[in-house]
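One structure follows; several queries about it will come next.
Note that the chains are named A, B, C, D, E and F in the order they appear, and that numbering of residues resets to 1 at the start of each chain.
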Amino acid sequence: MNGFIGVVLFLILAPVAGGLIAGLDRKLTARMQGRVGPPLLQPFYDVGKLFEKERVVVATAQNFYILAYLAFIVLSGALFFAGGDLLLTVFAFTLAHVFLVLGAYAAHSPYSHIGAERELIQVMTYEPIVILAVVGFYMVTGSFYVADIATTTVPAILYLPGVFLGFAAILTIKLRKSPFDISTSHHAHQEIVKGVTTEFSGSTLGQIEIAHWYENVFLLGLVYLFFAWNPVIGIIAVVVTYVAEVFIDNVTARVRWQAALKSGWLAALLAVANLLILSYMMIGGA
Amino acid sequence: MPKRIVVPFGPQHPVLPEPIHLDLVLEDEKVVDVIPSIGYIHRGLEQLVQKREYPEYVYVAERICGICSFMHALCYCQGIEHIMEIEVPDRARYLRTIWSELSRLHSHLLWLGLFADSMGFENLFMRAWQLRESVLDISEDTSGGRIIQSTCKVGGVRRDIEQGKLEEIHRVMDTFEEKCRGLGNVFLNDETVKYRLQGLGVISKDEAYTLGSAGPTLRGSGVAIDHRETGYAAYGDLGFKPVVETAGDCYARCAVRVRELYSSIDLIRRAIEEMPEGGIDVKVKGAPNGEYFSRVEQPRGEVVHYLLGDGTKHLVRARIRTPTLANVPALVKMLPGAQLADVPVVVLSIDPCISCTER
Amino acid sequence: MTTVKEEQTTTSVALGDLIREVEGIHADGYRLVQIGCTNIGEAYEINYSFDKGYRFRNLRLTVEPEIEVPSITGIYWGAFVYENELHDLFGIPVTGINIDFKGTFFKTAEKFPLSITRKGGDRCQNV
Amino acid sequence: MQTLLFLILFPILIACLLLFVKRTTLRYAMVVLSALAIGGASIYLLVRYAFAGAVYFAAPSEAASMAMVVIEMLLALFIIYMGAKFRNYLAIALAAVQAALIVYLEVMFPENLHAASNLFIDQFSIIMALIIGIIGSLIAVYAVRYMETYHRHHPEVRDRQGMFFFVTFAFIAAMFGLVFSNNLLWIFFFWEVTTIASFLLIGYAETEESTKNAFLALVMNLLGGVAFIAAIIYLVMVDPAGGGVDLAQVLASGDVALILIPAVLIGFAGITKAALMPFSSWLLGAMVAPTPVSALLHSSTMVKAGVYILVRFAPVFAGTFAGFAVGLVGGVTFVIASAIAISQNNAKLVLAYSTIANLGLIAACAGVGSHMLVWAAILLIVFHAVAKSLLFLGTGAIENRIESRDIEDMEGLIVRMPKMAVMMFIGIAGMFLAPFGMLVSKWAAIEAFVQVPFGLIFVAILAYGSAVTVFFWAKWMGKLVTVIRGVERIEKGFLEEPWAPLYIITGLVIAAVFLFPVISSVLIEPYVLVIYGVTAGLAQANVAIMLLMMTLLLLLPISFLLFRKSAKRLPAYMSGRTATPDLHFAGSLGMTREAQTRNYYLIDYFGEARLFRPGAVVCIILILASWVFAGVAL
Amino acid sequence: MAFLKRSPWILHYDASSCNGCDIEVLACLTPLYDVERFGIINTGNPKHADVLLITGGVNEQNRPVVKNLYEQMPEPKVVIAVGACAATGGIFRECYNIVGGIDKVIPVDVYVPGCAARPEQIIDGVVKALSILEERRERMTGEAQVQEEARHDAAEAGESR
Amino acid sequence: MGPFKMTRTVLRNLVRGPATRRYPEVPARVTPGTRGHVAIDPATCRSCGICSKRCPCVAIRLDKEAKVWEIDRMRCIACGDCVESCPFGSLTMEQEYLPPTAEHVVDRYTITYVKPERKPKTKEESADA
């Protein structure tokens, strides 16, 4: 029953929260750059605007994949907030991104194609660490279920500092922030124009934005799990992590994809090291 | 060669402030060949000498480019003055130097911003452009225009800067220098920036020289050529040493420009300190008859205005060779081997200014 | 008092001697500054400008319209930008350019806008 | 027992008949009918024995064994002949060694060479039989049409279709024999038959390259064969269980330390046959053969024999360092082969590397050998067989139409061959996406590895390996769905295309997801339960969610109708450069160029040249380590 | 709801300007002017843009580019000509290679005078364009029904070729 | 600070608040020397035509017969040459920038200067033809 409530709350509140987070993000970024920045509700205006625009496509099929992307992002988020199996959630999440990439491929345009390739490199970059993070949770709490992990009394972060650091590193990929915003980014001045999203416009672009909001809430949920033993600390940690990501965005240049891939995989190695030590301790302790 | 793709890059492209087009031939993301195509800004304004009398052509020269606007005017005016053997008052020479160096500051800061942007360092872009506004404010205070100063004319300058203002600029320069050094520190010492720049787009000293490169592109490869050394305007009085780096990569070119910020600030301060009294212009009569290759060091390198007059009010020919055109061959040599992500960085590293290149 | 520390010299060169002269200048360690053209009514004056330590040397080649001019890109690789320009704006046939844009370097509304035999005349924009 | 014998002998009969059939239509009819018979029989097997547990049959032994030895000798002679003809002395040497060892065995230990029961069947065998019986015979059906077209496209190749189908069916028969035998000597016999059969099929085109690759496969597999026979000799000499060559008794033997040595040797044979590193090159070389051969080798036969034997021995490996090392060979193979797959643009090579990778994964599961892992390994075998056969057959069908097996040339297949593209799409999805089977198995493997000591290494390997897998599959998928302009549709209606096997297998890929709970609970879980006393499975809730995902996936395309009408079409963004809808733009120097969209292959990072050798070296070290560990354990 | 007015995304293109106006357009994005206060984002991609900001007098080679960019923008959209060059050709009017003003190539909705146009003027220009944009949107939704039908038919006709 | 040299700037920005000039709430920065737009005093213009001859953009048109002085605001580059060259000081450079318009405007002024013997008429100005 709890799970059901979680799902409903997620479906309704996540876009609101995600949009507000995006608004705060932009505001904060602007302040870090010495600017005033847009109104807090700007992301909602933007998406609202996108739905007012004309539908323009290169190939009709491209919009279909984006709908699937949105559907599976929502599904993976819903699975998460229903307290479901974390590993399955992660796989659904990957599936969603494959749809995004396919949408970009379908459009058959040079820049969206390069964006798609880069998006796939990104998936390849963050996938190991995400899986390892899930495994880390299992090792600490003995369960793959979000419901169990979220209600644990074990401070996961103390056991998984390396995993958390690795996860924080790849979070910049998922939030599309410097230094790893290689496939598309929130600002225009990129060598591949808008990358994956180049050929999407109007309501389809709006759907991508909404999916992004859902995704961010889900990702922050993952961050929360590291601190779940104490909800207050958990929420503070989520806020601090997010602010740190915005900060990193503002103090780094974008790197090449090679460096992104290397960093992601090194971060995963860090996580592996962390888990190996953990398993050694557990065997030793047992 | 099976695994190659061709991607059109530009003319409209968010990292390019100005339209150029590149056919990029890529292997995955490695650039194996690049063929530029330009001409999107070619207006044909050299031809306007036939429609504008030579004093009015200054306004056209200023608009060859909005960034080093003043220097084009300066180069043009110095050329006409040389042909007509006009001696410009000392105060005008000093004022010209100040405006020149202000232009350089504004141009370099602008470029640093765009360069940061090409690396995806948005905040650094914002910072550089924020600092640049101080220069634009001085420019507007002294000339009435933020971008296009329009203060140079044949025979001197159009406006004077009063003493109080000069002192204020001198004061502003102190705090401004500190801020610039903070900015320069990021460009020269930040790890992510170094990662993006070092070893990228290398041009050796010999190559840079024989390809005819100019400005920071040349000096970044270790060749100490800077036309201010010849001592036009007040540079002869103030003394000047070129800024040189040796690595020849994007980082070196960036470093040259960063260090030139400091040297420009210094020149402005000394010009203010040594500012002579007197008039700012002389009356100009007659028309130029003769030819001259007028050369001035712009932010991007030496600009050449070849002026040919036949004693009428209209020049026969004004041929403008700008530094970017001279740097294009070097660019074509720099790009192959870079990654797609580096294309904007390498392209910007020569500080391409298409507007003057194509005229 | 301005004293500009530079010297400018201009020497004429015949079409046949061009390559040899340029080779000599290259051997002397000069760098290429520019190649520029002037339409002097019935012929073109092409200035090849070189510089070494602020010593500015010009080779001046005077050619009639339609006369082929050899490319110096074999000596100065980067000369292609200027030579393409000579072709596109003045209609001077330059032969053997290493990167020949074949008239697409500057795409202009009228062909060879600065040539002697300019066709289009002035465009009236004063309306 | 009759069914078992039928499945082994009937294909041989058909094989002999096909040797003499020259007309395609007749051949087609025969193959279809026998496919129905074989498929039907394997399904009957399922119905008959699914709930019966392991059933043993004391099949006729003396005569059969004699026949086998004779055939083995003949085969050895054949190899020596071929080796002499093509000057491959290594093959001759290995065949000679093998023959000598067999003779040694027969002469020295005649009394120990009996198993209590020579044939048996259990749930695992049923699964294997279903794969061989259904997928294998579908491939055979497909092959008839394919070979016809093949010869039309390759007039230079000598038409030996009679021989081709003879070997194909002999192959199927041998595979049945292999999975039904309880006598290690019998297993070895069938093992050798598959080796020779693959040798013949790979060399079918009789070009220099195909002959070379055929010998490569032969030599590597013979190497495994030598290890196999060595294992049997060791078993017979020590006779730890007292059961001689009786597989069931060997496995049930309590003295793990003693069995470990033959297990490791047989495991080595499995490694060669399953084309794990460093022996992957034979499977890659096998790509020169006509596509149905690849499909056969990769999905239902040959390599599956390798992992079959590994999974059989999993209980022996479980918890030993030797087993761990064998598992690591699989793990390393998995991650390296997946990475190399990124750099390949030849569709068949991508499939080959992916096969090697997946076999590696199965071997990793088997080597570590906990109950959950065996459960996952069997799932992997099932799902891999289904999806991979679809992909191979699909690639073949596409190749016949567009005359290229380059993935780049499959761009826009959704426009040119929509039905084929959808089938390929489903096949690829089957290989790496939730909720399809492969992914589910990987998921199960991760959950299982976490629970064994040092399993973390495997988890890490899986984490990296799956990441890489996503990349190379998704980019292929992307090529398929790219919508290109200005091309013709080159595919006929549903019924006109000879694609019945493809439709069926596509159906199987999807059905496998829905049937997965049944397969697991009816076949795999009981098997695991019998061996380990505990069983594994997926939580009910998760199964439900997966079914939900699958349903969502199937429903989503309906929304496609929604988009059909409502949008304005514009050309792609080309930086403002004027361009045509088929992406030609005005390039520099006055040229018209096409903006191609090629996938990334990242050869500098994931190229064969860069990764294969290190991977092979690591694997050789691990194999040696497994022997050392096995020796030490003794 | 008129979200359009609160989120005008711009595309800037330099159609043969002298850079003066371009850098002022860019300056609008930077801290001292910060047009993101009005929800303005520089998208760099015509397919995402609502407002096309063009500088310069359009030369021969830019003519098709400008058209192409304009066509790639989804409705509703507006065009702002920034600076004297973009409005009339400015000082380069008489050059042989200049068409002379953006409106010779695509319809222009707002002209921003100046050489170079000041950031404040550019901001004013965008604000002025917003009401035009809003008008267009209303017209578009009104006509949507009709257009939808027409497009539908056209698509159908195209499909069944 | 460590590898990220931008840190100090970011922190300073956060503490000091935005540097933004809040146009339009705060009026645009102008200086006494700012070149905004050209203004004419039709009462003193003697129709000499020097301004229109000097203007590099040919933005000024003078019709001596009709006594009309026109300026094309969209063409003027605010160089100030006309102002400097007007021998009668009829032209001035104002600091205000012109607002953007939806239409291409040409401002037209009727010259009201009359020879000093006669009394000048009342000023009259009409914009937009």
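We take it that contacts are C-beta pairs under 8 Å (C-beta built on N, C-alpha and C of every residue); 3 or more make two chains touch, one makes a residue touch a chain.
What you are looking at is a predicted structure, and each value in this text was computed from that prediction instead of being measured.
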item	value
Intersection of contact partners for chain B and chain E	A, C, D, F
Chain closest to the middle, measuring from C-alpha centroids that were averaged per chain	A
Farthest chain relative to chain C (centres taken as mean CA coordinates)	D
Of B-D and D-E, pair with higher C-beta contact tally	B-D
Rounded Å distance, chain B centre to chain F centre (Cα mean)	28
Whole-Å separation of chain centres (CA-atom averages), chain C against chain E	39
Chain centre separation in whole Å, for chain F relative to chain D (CA means)	81
Centroid spacing, where centroids are CA-atom means, of chain A and chain F in whole angstrom	52
Residues of chain B engaged with two or more neighbouring chains	5, 7-8, 11-14, 19, 29, 35, 37, 39, 42, 44, 47, 59-60, 63, 121, 123-127, 130, 145, 148, 190, 192-193
Multi-chain contact residues (two or more partners), chain E	13, 30-32, 34, 37, 42-47, 59, 61, 65, 69, 74, 89-91, 93-94, 96-98, 115, 118
Of all residues in chain F, the ones touching two or more other chains	4-6, 10, 18-20, 22, 56, 58, 77-79
Of chain D, residues touching chain B in the complex	345, 574-577, 579, 585, 587-589, 591, 593-598, 600-604
Contacting residues of chain E [partner chain C, same complex]	59-61, 89, 93-94, 96-100
Contact set on chain A toward chain E in their complex	26, 30, 33-39, 42, 45-49, 51-56, 187-190, 193-194, 197-202, 205
Chain B contact footprint on chain E (complex, rising order)	11, 13-24, 26-27, 30-32, 42-46, 56-57, 59, 61-62, 65, 69, 90-92, 94-98, 115-116, 118
Chain B-touching residues of chain C, taken from the complex the two chains share	1-6, 8, 26, 31-34, 36-40, 47, 49, 54, 56, 58, 76-82, 99, 101, 104-108, 113-114
